[in-house]
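Shared between the two complexes below is chain A, which pairs with chain B and chain C, respectively.
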Partner chain A sequence: MKDRETEQRLRREAKALLEQGKVDYIIGFETGSLKFTTTPLITKDKDSVDRLIINPFIVNNLSEYLTELKGRVGIVAKGCDNRSIVSLIQDNQVKREDVVILGVPCPGIIDLSKVEGLVGKDRDELDDVTRDGDKVVVTVDGEKKEFPASEVLFDNCLGCEFPTPQEYNILLDESSSLVADKTASRKGIETLEGMPQEQRWDFWEKEFSRCIRCYACRSICPACFCERCFVEESEPQWIAPVPRWQDNLIFQVIRNIHVAGRCTDCGECERACPVNIPLRSLTKEMYDLVDDLYHFKAGMDKEAAPLMTHYETTDPEDFIK
Partner chain B sequence: MANKKINKKNIAKLLGDWSKEFELFIPSKDEGIAKFAKWDGKDTSFLDWHRNTIVPPKAIFFPPVEEMFSFQKDKQSYHIELPSSDGQKQLIFGIRPYDANALTILDKTFKDTYEDPYYLPKRKNTVLVGLGCTKPYDSCFCTSLGGSPTDSANVDLMLTDIGDEFLVEGVTDKGRELMSMSSELEEATEADETRAKETKEATYQKVTRQLDTKDIEEKLLSSFEIQDLWEEIAAKCISCGICTLLCPTCYCFDINDELIKDRGTRFRSWDSCSFPVYTKMPMENPRIEKWRRVRNKVCHKYEFYPMNFDVIACTGCGRCVRQCPVNWDITQTLEKMQAKVQSG
Partner chain C sequence: MKQESEWEPKLLGFLCRWCSYAGADLAGTSRKKYPANIRIIKVPCSGRVDPLFILKALRLGFDGVLVSGCYPGDCHYQTGNYRARRRMAITKKFLEYVGVDPQRIQASWVSASEGGKFTEVVTEVTKGLKEIGPNKLFADER
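Our next item is the complex of A and B:
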């Protein structure tokens, strides 16, 4: 199996980095405590690196931890995580020389919620879920079912432009063969765009009524690195810190503006949301707008100035009315 | 009163009878996630789905945001108005045993420590109709905390799935009163009782996650100063509020005023000791470092609460394990802690 080889190589490289004192920490993935899940492994211990894994469920964007850890860090990065790391370097949050990027060419991550929807069972009731080229094989009650990968990968993976890391120290495998499906990736947004304005408003009212202000969307987002967030400011108070739908909506609108040009469409905010608010319909729309208007893609060039900190005289302004 | 039973086909009629008297809540997936919602008079989809909700039913008694009072400046003083309470009687249908247990745990704070004027009236006006889980998740560990997926200890009336029917047990007077309010219930036979007993035993075995809670309070006490242990445990936590806000036994809240000219409203809303800004309002957060916050959460449930109230403030519902976006797992944490303390 390809993942096994990548995994073996990762363990060797990670161990060497720690042994040679080139990094203080390794951040990667290990097996999680629930069926199919993986969980971040953050370790200084060279024996723990044997727990590192690579599989179709390594979903977290580990760059989230970089701003918190002191010292040099070896980090496992998929395509989108890799861009988040570069974006953090652009924003002076992380120094390039402090990270050793262990790049993983990413074939797309399996969205277990989609699998659950397709087979009508929860993840802990499934025998097995495996990736086989452009297919995903799900075993339920001993019976194998095959689905095209494009039906079970995360929406953001389907829209991924750079699954293979561009900025790395070590690339753990050859380039990835992701089955992209741009239309499927924007399906939620297309549906919203097709709605009359009023209906769209009702839609968001309903969705944001569920928000409990756990701030997981913000905490998990590598682009949300502010030590003090506007949400908690009290003078002036931008929004009420209570979960009412209007304030919840404004929270996301402002968060979106703050991450514009930093968001790499890693999809973590939507995945983390415990009450399933389709946050990516906002972040992906912003991602595309940034691209269309400014021809800017987050985290592509560590030397480039961050979008929101600079301007050019040729920048479009006809949308300002 | 002897136990009764109800055919699943007649469940909507039973709920209909009760809804004449009560505002009725059921576990529902209507609003995009599993949570308790007001019954619409027909939905019985809960019959095909016997698992945990994402939002715990504590939200009915202690909502994510709640008005405490409104105020109006009146020359030199303030005129205060309390929110009107209609004293509406409520019935929660299909509450799971661990969530009912969580309410008993919350009572220690909201009833025994002080009398919370928002939580208590709702609690008093509500009857709990329990429904046992038949398919526990791999995150569930209620059996390690003295519970079981079919435990009737904290509800008024308990339903157990016995195939085409539910066995209905009256647990309290309130519950037995409910039984007499509907003609849909039939007498249970001895065979029904046997089947219910078998189901209970079988479901108990389906909870596979185990946690050793023996002497856990003392062990936590001796682990308290082991900083590197807690740093290791906390490393992957991202300090969001999921595990606490969605925990059925967490009760922390924040208070905010909203002022427009001379009028205002005071709200309370769910808060979490995981947040770096927790308790920033009155003073500073004494737990700036993440490991201290994670330690507090674990210790509050497994050490401080037992010290104060003789009961662990965790029901093993597994929400914190399943909903955590980084799969931080309280059972693994406690295992790691115990191993460390034992090895010295």
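Our next item is the complex of A and C:
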């Protein structure tokens, strides 16, 4: 019910922005081609704004497109996307005045794989999946089944600290009612931390042996905005272009270092990976690491200096001889 | 045939030319003995060291990496070592989580007058590397 109202409001606001010439583009979500899914909608056409939707499946971090579009853009942003936009502003990749942020307080996005696992059926066989407060209602063969939302939301949503956008032009709804479960959100990391060091390395060797270096993780990541990535440098060539696990792992470690303080734990890289490498067990660790060391959270303040261009004379140095 | 006990770790040192490199020089000219395990690359500032250099060194088979710069407040370029400090911290801690022994990634502040400290640091780091053994991280068979 609530989503419908938010959606109507979004369409009105988006149409007005285009009609009044306040933006050149609108970036939002429309219905996807696969059941329940959504897909990005990028449009200049005021009539196609009626295709814009808000529902529990608006998973993508649309800020990725900001660096590719010229002109002023109206963009739909959930909590994490919103922080990615702010982070891009901090890095001078986007000008604040060039974006009109249509903020959506986010109750968490439903992970259809988790639903499939719980129900034991493929998504195509489900009649409906809806959110009702702290529950998710799945209709199969005319029968309704209820699950706690915490069992079917994406892991990164369960760890979300700021589901309601803080930096916006228009907030499409009041604050959200996210059910968080910090432990569940760090499950993968905790399992790894419980292993001896050598076993952790073996784990990642095994995972990165599957990497085909498609760079989907890099392409989808709003924080990976470099025009020329170190992996394509040839003099010197830092890593071999062919996908060997050693170089695949180096790529991902360095990518994580490059996005430190920029990554908002949106979870997009892990979802984009075609061979299901648990990339979030790296990105979320880095996210927490910079918070522990420097009390830095990405994309919280558009005036703040980016983490790695800044320093404090009191930064920890207990590891330095 | 080389015995396992004869194995000597290879340590790659990135030394800032204004301080630690001069410190190493001083150790040499004052005939202090430090382990010959270190191979030195002179850098303009500790802030020049990209985490990629560290990964590349480990990939090439170095057993450990030492980044050494001027003390906080003494950097020739004012802020290079402060930036290096953040980079080294996240690189070391993150790689430890991934599965690299933190002994393999080391940092120090050594001034141009500290030949003695340079000797101590290299001795200590080399000793640590001997304890943990050869770097087989990137070997196909471990």
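Things to note:
The rule is simple: the second predicted complex is superposed on the first by the 318 of 321 C-alpha atoms of A that agree within 3 Å, B and C clash if a C-alpha of one lies under 4 Å from a C-alpha of the other, contacts with A are read in each partner's own complex, and residues count from 1 in each chain.
To be clear about the criterion, contacts are C-beta pairs under 8 Å (C-beta built on N, C-alpha and C of every residue); 3 or more make two chains touch, one makes a residue touch a chain.
Treat the numbers as computed from the prediction; the structure is a model and nothing was measured.
Of the two partner chains, chain C is the only one touched by A:Glu317; chain B is not. When both complexes are overlaid on chain A, the residue A:Cys226 reaches neither chain B nor chain C. Applying the stated contact rule after C-alpha superposition, one finds that A:Ala305 touches neither chain B nor chain C. Contacts of A:Ala272 after superposition on the shared chain: chain B is touched, whereas chain C is not.
In the superposition on chain A, contact of A:Ile212 is made with chain B only, not with chain C.
Within the superposed three-chain model, A:Glu285 lies in touch with chain C and out of touch with chain B [touch as defined at top]. With both structures placed on the common chain, the touch criterion links A:Pro243 to chain B but leaves chain C unconnected. Of the two partner chains, neither chain B nor chain C is touched by A:Val137.
Contact residues on chain C toward chain A in their complex (touch as defined above): 51-52, 55-56, 59, 72-73, 79, 82-83, 85-102, 106-109, 121, 124-125, 137-138, 142.
Residues of chain A touching chain B in their complex: 32-35, 37-42, 60, 64-65, 68, 122, 124-125, 206-207, 209-210, 212-216, 218-220, 232, 240-244, 268, 271-272, 274-276. By the touch criterion stated above, chain B contacts chain A in their complex at residues 31-33, 51, 54-55, 64-65, 135, 137-139, 235-236, 238-242, 245-246, 254, 256, 258, 267, 269-270, 272, 275, 277, 280, 290, 321-323, 325-329, 331-332.
Residues of chain A that touch chain C in their complex: 192-193, 197-204, 230, 238-239, 246-247, 249-250, 253-254, 256-257, 260, 282, 285-286, 289-290, 293-294, 307-309, 311, 313, 315-317, 319-321.
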